[in-house]
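The data blocks that follow each hold one structure.
The same chain A turns up in both complexes below, where it pairs with chain B and then with chain C.
== the complex of A and B ==
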């Protein structure tokens, strides 16, 4: 195996070495958060967290646990750097990234530390590609201060049901209004577009609703343009947890199953657009 | 000046269409040279084409059931036409089910290649679809520009990896950079490299093999087998070449003149295609 023999002797110089047999397991989950070029990587012994932000109002995190990798060696408690995500995705898919069975791209990802590039060794069918992606000083991700203790409403849905609603959403509406309530309409998505208003209601005892715990009626609006990127994560996921806290902040957590049946998480945080009075 | 040809076999029509479609992906316009034995599609490496050159050779007998031509004169028994391969390809694509296709040089409001296809029919009346594709006749004095390019005095000749793999790599590299360095040696190794402010990427191919002519044309032992010959090319030109390939050729080779030109050769049964991409500084 050219990948392992090639780089093993140099391993001591790297603070982070991570490898996997199928690079799609990383590229797919990164696609779910690729709406801006800058991605902040934070690696800890538990795994890798990749953060992308937009307009200080939206944050997306992808978590790839250490055991998703066949090898995950880290020499420090925290290794952080920032790279261009679009470039990284092009590199990960250098061999086409197709899902043809039996053919997969092996990946070995190495980082020497501050000021060094992120080095990728990719191998498919005996052909090796080496990518050196320049790194930048990592920015501090915004702390949305979203605590479980402040969560007022929470539902878990099968993604299937939300995909359908999102594919039919009226994109001429500037906002998506989410209503969560212990009483009717329980969970409602509303749009206000050129051709009129639309409401999508989910009854709380539907098969699609796996969990329902709403303590207070809450109606919040979120910019459609901010929520749009989250449909990439939705498309990949099998379940989604929708939560709002007392300030109206939205948390969307997606459970994503990769090619090998392992589970990863992607989460989106979004600020509410404005306060809505009681209608 | 006369030309008429007839294709009767479905396989021939398909094959001919594929060749023309491949050419249409490579260039907007080119020259079609008709000789008693061959059809040539030629693009001379002029600055106007960005220095890219093409030479595609088809023996007429392998395609045409009937083939009659009369050149400009008996000593210059050739016809040179400027054609838009895209138009020919579009015309041919609509008549894939034809029983017979006639190709004829005609004079309508302007010189045309007239493609008349006899389509299958259930009733006794025949259905014929005719396409007139305008062409320009190239005068004799300009013919010298469309002679077969001589084999460049290359430093390294190497077999190409599967074109699909190469296309995937080049497609991604094109997202990252405008230029690509292609390098190869006589040890069967070829690298594709890009380098920008953000990233450097190198794809290594090995065990590709070197065509035997490489060793005979260069006096043996004169070149270090490890030494790379390289050329920096416009990545779009290479991508265009890879995009156009409709079938995996039986042989695909690449000759590199160090910092000069990349000469790509594809052999597919009876058809040969040569493509020249000039190196840029």
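== the complex of A and C ==
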């Protein structure tokens, strides 16, 4: 069993031990999906996947690859548990989560197995805090059955341009309508609010458009309330891939670069709104 | 209407909308021959603001010929078009404003960097013309460049009092009588040479709301234009204005009317006040009673006794209507030493052309302690 030099002798009782020098690398990415309390953790030798869901219509996944951790030891193929994400985030920021360079909170996260709490050892400036968070029975995440072969339209945008649009979106609109088309308007975000409607059009040859492949004109509406949490992920990210499949399901993939320049992914799936009225 | 604003002017337009939003909730848009007028008035009608952008301000300016068009809309929705003022300058290259009368919508199209196109279709309501009647040229006291004097006042400060003499202006926070004991008094004294222009004819002090002044200052600072201030006497409107070759902005603010100065321009009265209003039957006799009741002078009688003197009068446009007023000679130093603020009452501005011509001379008497509301405009 590969054990790093620093590992303690009692490590063997844990099915999962993960540690990182800067807890912010974990807490930041978890913030991008923290819109509900319950988070399903599934760890595999490849890394950690954290899933949060809302109303069976929205699912957010954060992927933290094994190599983001300085140590990632897993003794089973799949370790799953569920914890309260808000509590976990509070613990990760127990030292204040200061952004001052040079000062970082080191984290060691251990899980002993079914029924045991998730134990966090947090250390900053020689002070160690131990947090134990009770784990819950893991729920089965919804399978959105979004597969690449069914993708009809896909664009990749630099987040910068979408951030602007999302910060200005008319929140009095109940839905965000996304139009993707091989012809004009190519990629359009529309809102229908109290004071009128607004459209944001991105031409396919824009500098902001890194990739454009739309095969069919598709217009779908998504609940604004569901999409709103995704702006947290957008704010952290540098690129976004927007995809829709033949059923109108939306996939938003965010490429997030952490403090150390490593790359993580956050993904949102959203069901389309049923009632599609006319413009 | 079809007009195009380019470059830095987009920001100027946006700033104007933002500063109008400090006044009221609705934006009145009126494309005129001499430019695009954007106006706003507050709910109590004690503050009014108008920006007029000359056709030269635009790179294209065409207005519907033949008939006058005007509309109003929620100012919030227009603000939303220009939400991020900071990035506006960097990102927006061109703003196209188009009016589709049949569809009842005003379209703002922002052409941004990287080809991003933002289209806002805003619905609007028809409106009457909004026009405050004021004549800044007839004001006795004129000043240019109101240095950033207001930064010394906390954001919570609602009103300031401006006093003037031949060579000085004092700006101080206005304190409610009941807060007097705990309040901190701030006073700024500005010498006349700090102003571009300083002309005083009467030694007056006026008290007005700071909020609107801040709004205009925000605009003036970003455009680098000096503000001119015109005022007469307590109770008559104060005008703040910015002018440049392609735009003009006028903010008309009510000032607190001094208890000791009672002016009456009342002639007839419609629309009638509520039936239980005690002033309903005989205004003239009421006014006569007023005139005598204030004769003793408040500085002698201590705190003012508001019951009868509470009526407000609306300023009439015609200067000729000025009636002899019973003006108790209350000197500035008297006021300053006793620090007794005038009774808090704002005169509403009179929006002449809002009313049908027959009621032009109407005046409403309002007994509320605060600012009065007009009932003539809303639909």
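One rule holds for everything that comes next: the second predicted complex is superposed on the first by the 267 of 279 C-alpha atoms of A that agree within 3 Å, B and C clash if a C-alpha of one lies under 4 Å from a C-alpha of the other, contacts with A are read in each partner's own complex, and residues count from 1 in each chain.
The working rule: a contact is a pair of C-beta atoms (placed from the backbone, for glycine too) under 8 Å apart; a residue touches a chain by one contact, two chains touch by 3 or more.
Please read these numbers as outputs of a predicted model, since none were measured by experiment.
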Touching partner for A:130 - first (chain B), second (chain C), both, neither: first
Partner chain(s) touched by A:94 [first = chain B, second = chain C, both, neither]: first
Chain B versus chain C as contact partner of A:216, first or second or both or neither: neither
First (chain B), second (chain C), both or neither touched by A:84: first
Which of chain B and chain C A:199 touches, first, second, both or neither: second
Which of chain B and chain C A:257 touches, first, second, both or neither: neither
Contact set on chain A toward chain B in their complex: 84, 86-87, 90-91, 93-96, 117, 124-134
Parts of chain B lying in touch with chain A, wherever the complex brings them together: 161, 164-165, 168-169, 171-173, 175-176, 197-207
Residue numbers on chain C that touch chain A, as the complex places them: 73-74, 76-77, 80, 83-84, 87, 91, 105, 114-123
In the complex with chain C, residue positions of chain A that touch it: 161, 164-165, 167-168, 170, 193-203, 205-208
